[in-house]
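Taking it in order: structure first as structure tokens, then the write-up.
As written, the chains take the letters A, B, C, D and E, and residue 1 is the first residue of each chain.
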Amino acid sequence: MEKILEVNNLHVSFDTFAGEVQAVRGVNFHLNKGETLAIVGESGSGKSVTSKAVMRLIPNPPGRIKEGEIKFGDRDLAQLSEKEMQKIRGSEISMIFQDPMTSLNPTMTIGKQIMEGLVKHQNMSKSEAKERAIELLKLVGIPNAEGRVNEFPHQFSGGMRQRVVIAIALACNPRVLIADEPTTALDVTIQAQILELLNDLQEKMGTSIIFITHDLGVVANIADRVAVMYAGKIVETGTVDEIFYNPQHPYTWGLLGSMPSLDSTDEELIAIPGSPPDLLDPPKGDAFAPRNPYAMKIDTEMEPPLFKISDTHYAATWLLHEKAPKVEPPAAIKKRMQGMAPSEPIIGAKDGGKNV
Amino acid sequence: MGRYIGGRIISMLITFLIIASLTFFLMKLLPGTPFNNQDKLTETQIVQLNDKYGLNDPVPVQYFNYMKNLLSGDLGVSFQQDGREVSTIIGERIGPSAYLGLQSLVVGTIIGLFLGIIAALKHNSFLDYGTMVIAVLGISIPNFVIAGLMQYWFGVKWQLLPVAYWDGFAYTIMPTVAIASIVVATIARFMRTEMLEVLGQDYITTAKAKGLSSTAVVIRHTIRNASIPIITIMGPLVVGLMTGTLVIEQIFVIPGLGEKFVNSILTNDFPIIMGTTLFFSILFIVVILLVDILYGIIDPRIRLAGGKS
Amino acid sequence: MKKSRWTLVLSLVLVLSVFLSACGGGSNNGGNSGGEGDGEGGSAEQVLNLVETAEIPSMDTTQATDNTSFKAMNQVFEGLYRLDENNEPTLGMAADEPEEEEKDGETVYTFTIRDDAKWSDGSDVVAGDFIYAWHKALNPDTISPYASMFGTAGIKNGNAIITEGDPLYGKVEELGAKAVDEKTLEITVENQVPYFKSLLTFATFYPQPEGYAEEQGDNFALEADTMLYNGPFVFAEWNHGEGWTYEKNPEYWDAETVNLEKVTTKVVQDTATTVNLYETGKIDRAGLSADFVDQFKDNEEFSTLVDPTMYFMRLNQEREELANKDIRKALYLAYDREGLVNVLLNNGSIAAKYFVPKDFVKGPDGDDFREFAPDGFYADQGEEEAKEAWEAGLEALGTDSVELEFLTTDNELAAKIAEYAKDQFETKLDGLTITINKQPWKQFLELEDSGDFDISTGGWGPDYPDPMTFLYMFETDGEYNRMGYSSEKYDELVSGAKKETDEAKRWKMMQDAEKVLMEEDIAIVPTYQKGNAILKKDYVKNFYVHSFGADSSYKWIKIEK
Amino acid sequence: MSSQEKLLEIKNLKQHFKVGKSTVKAVDGLTFDIYKGETFGLVGESGCGKSTTGRTIIRLYDATDGEVRFNGEDVHGKKSAKELKKFNQKMQMIFQDPYASLNPRMTVSDIIAEGIDIHGLATSKKARMDKVVELLETVGLNKEHANRYPHEFSGGQRQRIGIARALAVDPEFIIADEPISALDVSIQAQVVNLMKKLQREKGLTYLFIAHDLSMVKYISDRIGVMYRGQIVELAESEELYRNPLHPYTQSLLSAIPLPDPEYERSRRRKIYDPEKHLPKNGEERILREVMEGHWIACTEEEYQKYQVTV
Amino acid sequence: MSMKQEKLHDLSDDMFQPAKIDSSENEQIARESTGFWKDAWRRLKKNPGAITGLIIIVAIILLAIFGPGMNEHSYSEQELTRAKLPAKVPVLENIDFLGVNGVDIRGTDQYEAKGYEDEYFWFGTDEFGRDQWTRVWQGTRISLFIAAAAAFIDFVIGVAYGGISAYYGGRVDNILQRIIEVLVGIPNLILIILFILIFEPGIFSIILALSVTGWIGMSRIVRGQVLKLKSQEFVLASRTLGATSGRVIGKHLIPNVLGQIIITTMFTIPSAIFFEAFLSFIGLGLRPPEASLGSIINNGFRSLQIYPHLVLWPSIIISLIMIAFNLLGDGLRDAFDPKLRK
């Protein structure tokens, strides 16, 4: 599989009044061509920062990429100048943001906002760009695109605005689309529509997507592979089935366990106790240790490396160390691992219009 | 929209009438009549003069007469400038004030916007502080001191500009600078705040993510959105400037309205006080209305019909 | 010929010291309204550039009340007489000195109007124009603030017509003035005064073009083109609030005497600006406030002039403390006038312990009025005597502390003088506290008029060349007494002098009156006689400044470069 | 669902807002009861009026029309300050935004003790502090947190502080207005577990407002589905999920993504189009009980049909 | 994947014993406790402009308090023989370019000329021979007092008015806002003259005059903020707890508007000083020999060209006050802005 983007040992810090906040602390992942990689984690886990770092959109100051490389083809994005980066943004890598209500310029027609990228990257004339903008609006499912291209953002509903944002992002046929919680602010039915749209578009255009979310339901729906982030690090990564049906990291267990399933009975949800660590002063050892009911002494001393479970599946927990005691995952997780887990990962099975 | 403006105009008229009435009564509270300074008048003559201008009538009668005349468009005649129509006097005075005010506004706004933008883009840098200090300096030195210094250095010492009078563009330069310094400071500070606000908005990130250059982001997305709220402070600023500043007008010998207004109050020239007050209020109310309408035109989010959406 | 130096003293215009009734003389060769272009040509262009501190409120001779208006009118209009270089009335519209005729104790003067007396539209100035203007001034509907001038001049029924309740009230046709024919004007005087002719130079006695004025109606004299001129100049331009421009009047009977082609006048209120304009050659004459004197006193173009204008403090004698003569004496003596005139004013003003000014009028013997007491009263007494008097006064009052309110205006100079007075009084007179009440001009007058003060500052300029223009003020219940002063002896002397026809006796009575006021009663505290510091280009010749009536005349000015 | 004692009865509740010249009918004729000790879930998409309903019940807004009876007393008829105070003590609210719901200028102890102060529930400073510490411990925090400021806490912690504040006055009934929608998944479970625990221990009754159907289903005994200011379906939660009758409910349920890739691959979404669902001849849909405890807004004709299907 | 696999084998078994995790530690907050004000102060400290402003303000306030007492002269003691001496400062007089050696701009040593060789007037003397140093600081004191008092009144009225207007909203708001519209329309110079007449000139009248319409700006700010705040959930929470309006306003609204109020006050003070200077310019105001910075500048202004020291020192101080308050105000705005909070 062709790796289109590879992030190695990425560190991002923010200098605040209180000191250096290490938001991302050595993240490694890659994105294959045509796939959707979901990065899951709670707020403050560094997932958004990671994605912004890829786009080099971390405001500096206070933020800065401390070290690491972001390989995009043969280029290292971390090293590019701002000018070179501008050529990549919007044309080769695009981004969609969380809140469609605020991510559009309120005083510019949506047509112009779409056209900007086209004019910049594809040297289109205004009229060409406008035509293309209308096409894009149609593509993302906005009815009466010819008329609406001249309207302002406030004349659109939230879901429609998010479609516009997607149209902007897709304008130049980017190879990578980074979607930073694009459905979090939307209602379920609208969310479903947007997810369907993204799936469709990916099929049509073959774009690789990094999808950032904290909603495991959405992950299950859209992802091919999943990276679970905690406290600025990736703690488990694998295919979607591996993560959902054979999770290995206690944090992943916690995440999965804390969601009720529709058929669940009255049993208590698995809550992860406490709060994520303060990245101003990350704890020694495994950052998850204080919240981990299975924590071992080594967790408070040393950071766990990524243990390999399969070719695609890695997890950073000392529980996978040969000397670690075998632990029983919580009941709900066990149920997942036994009952529902298919023996083989079903990566290729994504095709075939599963959604309406 | 038509209905909205209609409604606004009616409420404006009411406000206007209340201002007219209150000013009238307040003015009547000022001790003395316009004729007590005419040193050699006898009591009889003062009575006669007061009679001539209806000043001996009971205040409600005077009020009634004044409002009656006002509504028929008659502002009366000046007491101090014997017999001249108030409207004529305002008419001949407003020109220089308005010209100077608008010129200062334009110059000040341009420089102020520029400084504000620079300061915001270089937030917390030396340039930011430097720019703000310059902006603040503009309002930090009393403007009669600035004006006096300029007049001395540019006018007398170096003879670069005319010392005073109102006789062409060269004559407007120093007063413009003196007045614009306040505008610069106000606009620069406001713009800086707005810019910082806008720069933190999500749509700026969207624009950057499109790959636009920093310049394009600043010009197309930031400045425009940051400038819109400036319109709100423009209203009072325009009125303040158009109506002239007494100090600058005196120093540079500009026959403007500010000087006339202050002197009318100090000489109990009732018709002029009323006339200028009403003129100011109308100007103020109208400018505010225009600003609101303009706001609606410039900011697509605000639809006039429903007020702010 | 009442004219108001009052407005001079405490002008309408606040900020800038009105103190300098600035006007400037001289010219340069530029000649446009801005007066630019120094050093352009050889032969001197007859252009003069001046500034004024206030705009002209009125050009209607019957309505004007202020200095600026009177000065402007003196250049563009002319009465039967006008003042010359020596402040003497010289023939104006009158062709000759009038014929005098005594009749039943009344004197009838018959004036002949010059044949070549013309309005600027070429029409004749006729006797009826005088009568028209004078009637207008007296008519209750159009009453002139200076209507009392007719009474002062002694013109028959002048007082009665404007006195409400008098059988003649409002009957203007009863005035002792008649147009016998087009060019003959007959004036009946019921009460002869020596300054009669001088008064006729005053604006209230100017003619108005009857037909034209009627035609213009309410617009008459409101703009440069709604009036006619019969003086040496006409208004070429009158931009209210900005300034005005005179041009030589070709129809003027004495046009050949007039040298100036053009005079520009701008309204400049700020002295600093005035000085800067002078320094850059934009104006030819500038009045200086004390702040600028040090800067220019070594300059050749600097000069000072003394005015017959007096400054003094009214002591409200209805107040218990000030009813005490010792207290008044203490205040009179405690005040160091030398410091005031030499340091604070610094403009040629003279420290004064008298009320009728120096160099103002000469008596029948040819001596200045002041000769009888050249240094004023209590001239040799000072601080020590002040303290003694103060102690005596306090004892009489049975107290050891006195608080007095010092009413003054917001005029900068007036405020300064008040500040100085406060310090003088408080440091020299133990137990005295002075509170300064600084009020805008209008309110100042209101408070002073209603007696709501202890001490107030005042100034007075002459309306006609006679000590009476000062002395009549403090008659019991006089309009300008305002401080509750009442002395039978004084009243007797003043009213006697008014009636006395023997000049020498009259003179003596007036001197006695001043003595009563100042020496016996110490009714007021005089402070100084006004001086003016002036910068004038030396190529401006014959700039005549008058001690009463209009401030100055431009008729004879010549530019010599 | 212990007893069937009605704690709260809502009849024909209406809340209309004037926006300029037009009127927004945020809540338009709601009728439902909440039984003592149960959790009643109210779901719907944003703008359907569910939050307004909660706020109107607790009198943050004055109802345009309708009746709210709490323990048999008409809440909105109450006038005197004393009665109102008593009511405020019985009914409490937990808010959505953990950042906006705590006053940034107050310490946690002052925030929690606000109710104690208002109702004079503590006799001394010490008693007040003890109560605060007790409440902090109840919600899983401790006394070291008492003197800190809200911004120092994580979202979950803040939400728990909000719960402690509501508990401080010992209420019987709590309106939870989307209490977890702003929280991370792992934290949502903390809060939900806490709420359940509190319900067990203190016999609380909840009105749980949310748009997250899986969580609502998990916590609620009965659920009302709101659409455009009205309840379109109301049933016990199991029943509602198993047997959704209203097309809108069906569309909502079919749109929820579940953390199960297998299921997701096969999920089919139903689309609700209100235009196509307009009742013929303009008849209004009324909430009718098609089977015991299962109510649905329908026309007479539809009602007949539903009865047949059921 | 950086750690080498083989190294992992070296770990001791002991390390894999369950750790005792104190559950309460989960909730521990590592950072030191910071209230809003502390936080803002920390941010302010990092802003050199604001700190410079603060230092200048403190220095000027101290000088205004102690300056007039730092020499033996009083602010009203006149002595015309020593009028208009330029500045002369011991020690510094020897450094020529500072211009504080008693020599006027025309090169005459005025101290020598007037016979005051042994005296020192640090800022020179005015036209009455009063010590300019004492007067300037006395004036600063009065200016600051007037400004502070006016700002205080603006604060009280503005906060109450704006607060009530926004809190009660609806009709009340409508009426109160109309009143403001009218007030803005009436020329306040008329009102000021009325005050000066009724209460006689002096500090009190000026403060009242400044307050007539001065509070409107404050009330607008407060109104805007309260409108925003009153629908915030913490306010709703307080109301559901049965809080009275007084409590909601006092405990919730005001403390949250306070930042804005302080910033506004920072800008009210300099504008009050300026307005007072304007009143001096048109001759209204204080009762001499009381003086404010404005009136001292105005008096000295005309001697600018010949006695620059009369206008130089007070101008520098008034400008410093303006700059300092503006810098501090801007700094506070940044410091209080929650958007910049991390």
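By definition in this document, a contact is a pair of C-beta atoms (placed from the backbone, for glycine too) under 8 Å apart; a residue touches a chain by one contact, two chains touch by 3 or more.
It should be emphasised that the depicted structure is a prediction, and the values quoted were computed from it without experimental measurement.
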Fewest hops from chain B to chain C - one hop per pair of touching chains: 1
Shared chain contacts [chain B and chain D, defined touch]: A, E
Chain whose Cα centroid lies at the greatest distance from that of chain D: C
Chain pair with more C-beta contacts, C-E versus A-D: A-D
Chain centre separation (chain A, chain C; CA means) in Å: 91
Centre-of-Cα separation between chain E and chain B, whole angstrom: 25
Intercentroid distance (Cα basis), chain E paired with chain A, Å: 49
Distance from the mean Cα position of chain D to that of chain C, given in whole angstrom: 88
Multi-chain contact residues (two or more partners), chain A: 273, 275
Sequence positions of chain B contacting 2 or more other chains: 30-31, 148, 152, 262, 266
Per-residue multi-chain contacts in chain D, two or more chains: 140, 153, 157
Interfacial residue positions of chain B with respect to chain A in the complex: 201-203, 205-214, 216, 220-221, 224-225, 228, 298-301, 309
Footprint of chain A on chain E - complex, ascending: 1-3, 8-9, 11, 13-19, 21, 23, 25-27, 29-31, 39, 42-43, 46, 342
In the complex, chain C residues that touch chain B: 2, 4, 6-7, 12-16, 33-34, 55, 57-58, 60, 63-65, 140-143, 145-148, 162-164, 218, 222, 239-242, 266-270, 272-273, 276-277, 279-280, 282, 440-443, 445-447, 449, 463, 479-480
Residues of chain B defined as touching chain C within the complex: 30-32, 34-45, 47-49, 52, 80-84, 89, 92-93, 148, 151-152, 155-156, 159, 162-167, 250-253, 255, 259-260, 262-263, 266-268
List of chain B residues in touch with chain E within their complex: 15-16, 18-19, 22-23, 26-27, 29-31, 124, 129, 132-133, 136-137, 139-142, 144-145, 148-149, 152, 189, 193, 197, 200, 246-247, 261-262, 265-266, 273, 276-277, 280-281, 284-285
